[in-house]
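After this come two complexes, each holding subunit A, first together with subunit B and then together with subunit C.
For the complex of A and B:
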């Protein structure tokens, strides 16, 4: 504990867009209360004044895509008492994990004028593939309210109220009429973890699975149903290969339909 | 029995509002029929019909002016009687303990429901029994809310997924209503045959412009619901069903249905009798303020059966079996009735069209009798 007697918070970035860690700054009204209870010790997006570790609570954003990051995450783990990964990149490898299904060297030669400067791993992977993670917070981006819940639960020494049931549950809790059943829209809700309050279905769109697979997601049943209803194999591959395409339950399904 | 002309139907809603009720009824919203607040008769889904199948629902224009030309709404009335999310209490920290704030429950408005089907009245009765039993067990009987004013409408347009005739819950209401109506649409006439089921129902009915129904009109009303009953093709054989399910805990069909089941929880959410909920405690960042919430939950979620050491029902197979066996068998031992009223919602709103009647008949047609 630092002199203030408050636990120390650090925010770390790996391969990511920064959107998830900015959710913390987006807590606006509650930000001062958070700062009153926890010392924001290392958060480059908020302040260049860095307080040295170790840290009580680390929020880790982004996936592992380089050898350097592969080493750095172990240092982060060592410097952290409690490590929480935030967002699709950190929890599954993110949208950049699309590379996992192709040859990354080919991409590099197409995209960069001087490919020799690029040093990258063949795959983008989740933080939990490298170090022990104490809690995973899903979403692309994470929900500000859920992030606040995780920090609050940490401070209150309780289990955070983060359900891992389906988006369907949120639709029904809100009274949203199912877009899949009533309109025949393709929707990933039945295999996707809740957390967004059924944002897309409530706007008359199918779910894109920003929060990744729910617990015991039955991807093959849902994909089989889509196929039976006329979706092409290519469509099914794209459906499961989104922000969380590298999550086990989704990766296996897209690989099956790609064959 | 009274005849209320279609042109006077709006008076019913006005009278309920004048009597201080918040009025709820079906509305065509977002591609479904949603039980929602209604102000006037034009809010009702005039000229709509529903097409229902396994994992299929379509709301369509019917081309005739029925106000209730459909089966049941997308979700049941339980969302008003037992809201999806309800705060139980709030508290602030004081010294070493805490103090409850506003311990009195907020008064809920008196509600009137228009268009309640016979199966739904049965469901309300079943749920009420569940909650009464739970309150008695807790030794802390809940103060009952004023019962809603029920304007039942006899079902004349059952869907492909309805099987109330198997569960003996419809299509005609028998009790549990304040006013019951049968909607009749003929060549040049459109009227409702009204009957009261309570004193307050009789009082209200007497204030709506109406005339005495003729014998012919009464038999037309009966013929309409008889025709509805005959048009129901789906069935669930309830004979010895409880024992059958108890003897088939290890039937291979549970594995087969688990391959299809998404464990998404839709069936339990739309079921008018499913009552399971979880209790969640929340605190604020400062740790000075807490709330306790009651929230609908589902036996299909893994956390639902989580006790010390892990979840009791890890596999989807065990979760589906738990749900169906509870609904059709253990419910009878627990509450004296089946937990299914045959409304068909679980079949319609299952994203992959799993059919409870089909699952039951699969077991019936190939029972694997064994020790439970």
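For the complex of A and C:
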């Protein structure tokens, strides 16, 4: 514990869009009270004051895509007592893990005129593939409420109350009529972990799985339903190959339909 | 002269990771490089093979701070290919959510990233200890922007309700009208804050910039208009590639954009203000006058004031749209794919965000090109830095670093867009 007696918070960024760490600054009603309970010790996007580690709570955003970051995550782990990954990139590899299904050299030459300047790994991988992760927060982006829950649970020394049931449950809780049953829309909700309060179905569209596969997701059964609803095999590949395409349950399904 | 190298680990309060390298030899400035080493993410490559309707959701993930810019630039390009034009209330709803993004992003930059510089404190949390009222006001203003985003888009970061052709669901009239009192409060508060900001000290610094932004005869262009500049450029968005080309420099994973003749140009609030001043809301123009700004402004260190002007403009836009809003009979226009190439460009808070796509007749993307405003603004940033360092070499490295950081922050660079750390090294030989 630092002299202030407050635990130290660090926010780390790897390959990502900044949206998950922005979610912390988006907690307008709670930001100053959080700062009263926890020392924002290392959060480059918000503060130029960097307090030395070790840190009590580290929030890690982004996936590992370069050799440099592959080393850096070990330093972050060493400097952190409790490490929480925030968002789809950090927990599954993110949208940039679409490279994992292609030849990355070809990708580099498509985007950069001078491929020799680019150093990158063949795959974009989750933080847990490299170091021990103490807790994972899903979402692309994370939910502000869940982010606050993780921080307050940490401060209260209790387990964060994060549900691992599916989006379907949230539709029922919210009174949203099933878009797949009633309108025949393709929806990833049955295999997707809750956390968004059934955002897409409440906007009258199918879920596209920002939060990734729920525990024991029956992806192959759902894909079978999609076929029955008239989806092509290519569409099914794209559906499972989204913001969490590198998560096991989804990767296996998309590879199956690609064959 | 004693040779020394100073390393500073972080340029904080920017979005993304970068470093600044300054080389001074025998008292002569030799090199200024803004290095960006954000890991490459290859969006343009993996968009190939995706359905055209997926582009708005996928490209919004390029940047968590300005997802609407990506969603709408992509949508406009796809709509052009498919031969539809979104108009009326749907177009107004697009303007409204974009106003929400400007409000949220400008408040984030002005009060949380930029204002701490003026008090030489490291963060908004520290600022709250000296100016609690300003920070609580800023947070409330920021929340309004996010609320607008959430009502129209479903959520603040990576909204889900926008689609090619319009929206999945049109918001109800009442939830929007309920925001009007808060918008009117925000307008008063923003003017009050802008006057406080105007009392701060701004570094004297001007250069002869080439400004570029969307411009339209009828409105302060955000999601319409042609690409225009103060040096005679006035072309449809489809000619963007003829005006600006990208080159790849060794020190950066972000591509640098230059005009055809190798020149740099500046995008964002300063460019829009100078090119489109007449189309600002009357309230925004009034504020500019009260703050003592001229009709033109060439000092990027006054960017914070220009952002406040645009902030009031965005609030006025939001109020106007909500007052006239009627729920549209259909929340989107049907879009059938047609083979072809289309172009979309919109004004992200930090500058023009350009997309170009080619799709086949099945609606599968075969080619994609995206230019974020930061890859254009890297040019003027480096030139500003060059000027600043050249005129201040007598100062200590720490002082140089402080001014350089501020000069970079003037642009609110979203480095993650292009591809967070800003490390500063000064080599003096």
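Methods note: the second predicted complex is superposed on the first by the 259 of 259 C-alpha atoms of A that agree within 3 Å, B and C clash if a C-alpha of one lies under 4 Å from a C-alpha of the other, contacts with A are read in each partner's own complex, and residues count from 1 in each chain.
Here is the rule we use: a contact is a pair of C-beta atoms (placed from the backbone, for glycine too) under 8 Å apart; a residue touches a chain by one contact, two chains touch by 3 or more.
Quick caveat: nothing in here was measured; it's all calculated off a predicted structure.
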Subunit A as common anchor, with subunit B and subunit C clashing or fitting: fit
Touched partner set for A:173, first subunit B, second subunit C, both or neither: first
Subunit B versus subunit C as contact partner of A:47, first or second or both or neither: second
Partner chain(s) touched by A:183 [first = subunit B, second = subunit C, both, neither]: first
Which of subunit B and subunit C A:204 touches, first, second, both or neither: both
Contacts of A:221 with subunit B and subunit C, given as first, second, both or neither: first
First, second, both or neither for A:17, with subunit B first and subunit C second: second
Touched partner set for A:111, first subunit B, second subunit C, both or neither: second
Which of subunit B and subunit C A:152 touches, first, second, both or neither: first
Touching partner for A:77 - first (subunit B), second (subunit C), both, neither: neither
Partner contacting more residues of subunit A (subunit B vs subunit C): C
Closest approach of subunit C to subunit B (Cα atoms, Å): 11
Footprint overlap on subunit A, where subunit B in one structure and subunit C in the other make contact: 204
Of all residues in subunit A, those that touch subunit B in their complex: 30, 33-34, 36-37, 148-149, 151-153, 155-156, 158, 161, 163-166, 168-169, 172-183, 187, 189-191, 204, 214-218, 220-222, 225
In the complex with subunit C, residue positions of subunit A that touch it: 13-23, 25-26, 28-29, 31-32, 35, 40, 43-50, 65-66, 68-69, 94-96, 98-99, 102, 104, 106-108, 110-114, 117-118, 120, 124, 140-141, 144, 196, 199-200, 202-205, 208, 210, 235, 238, 243
Residues of subunit B touching subunit A in the complex: 29-32, 34, 55-59, 74-75, 79, 84-85, 259-266, 269-270, 280-287, 295-296, 298, 300-303, 315-316, 348-349, 351-353
Residue ranges of subunit C in contact with subunit A within the complex: 9-17, 37-46, 48, 50-51, 54, 57-58, 61-65, 67, 108, 112, 116, 122-126, 128, 135-136, 139-140, 142-143, 146, 154-158, 160-161, 163, 168-169, 246-250, 253, 255, 331, 405, 414, 416, 420-421
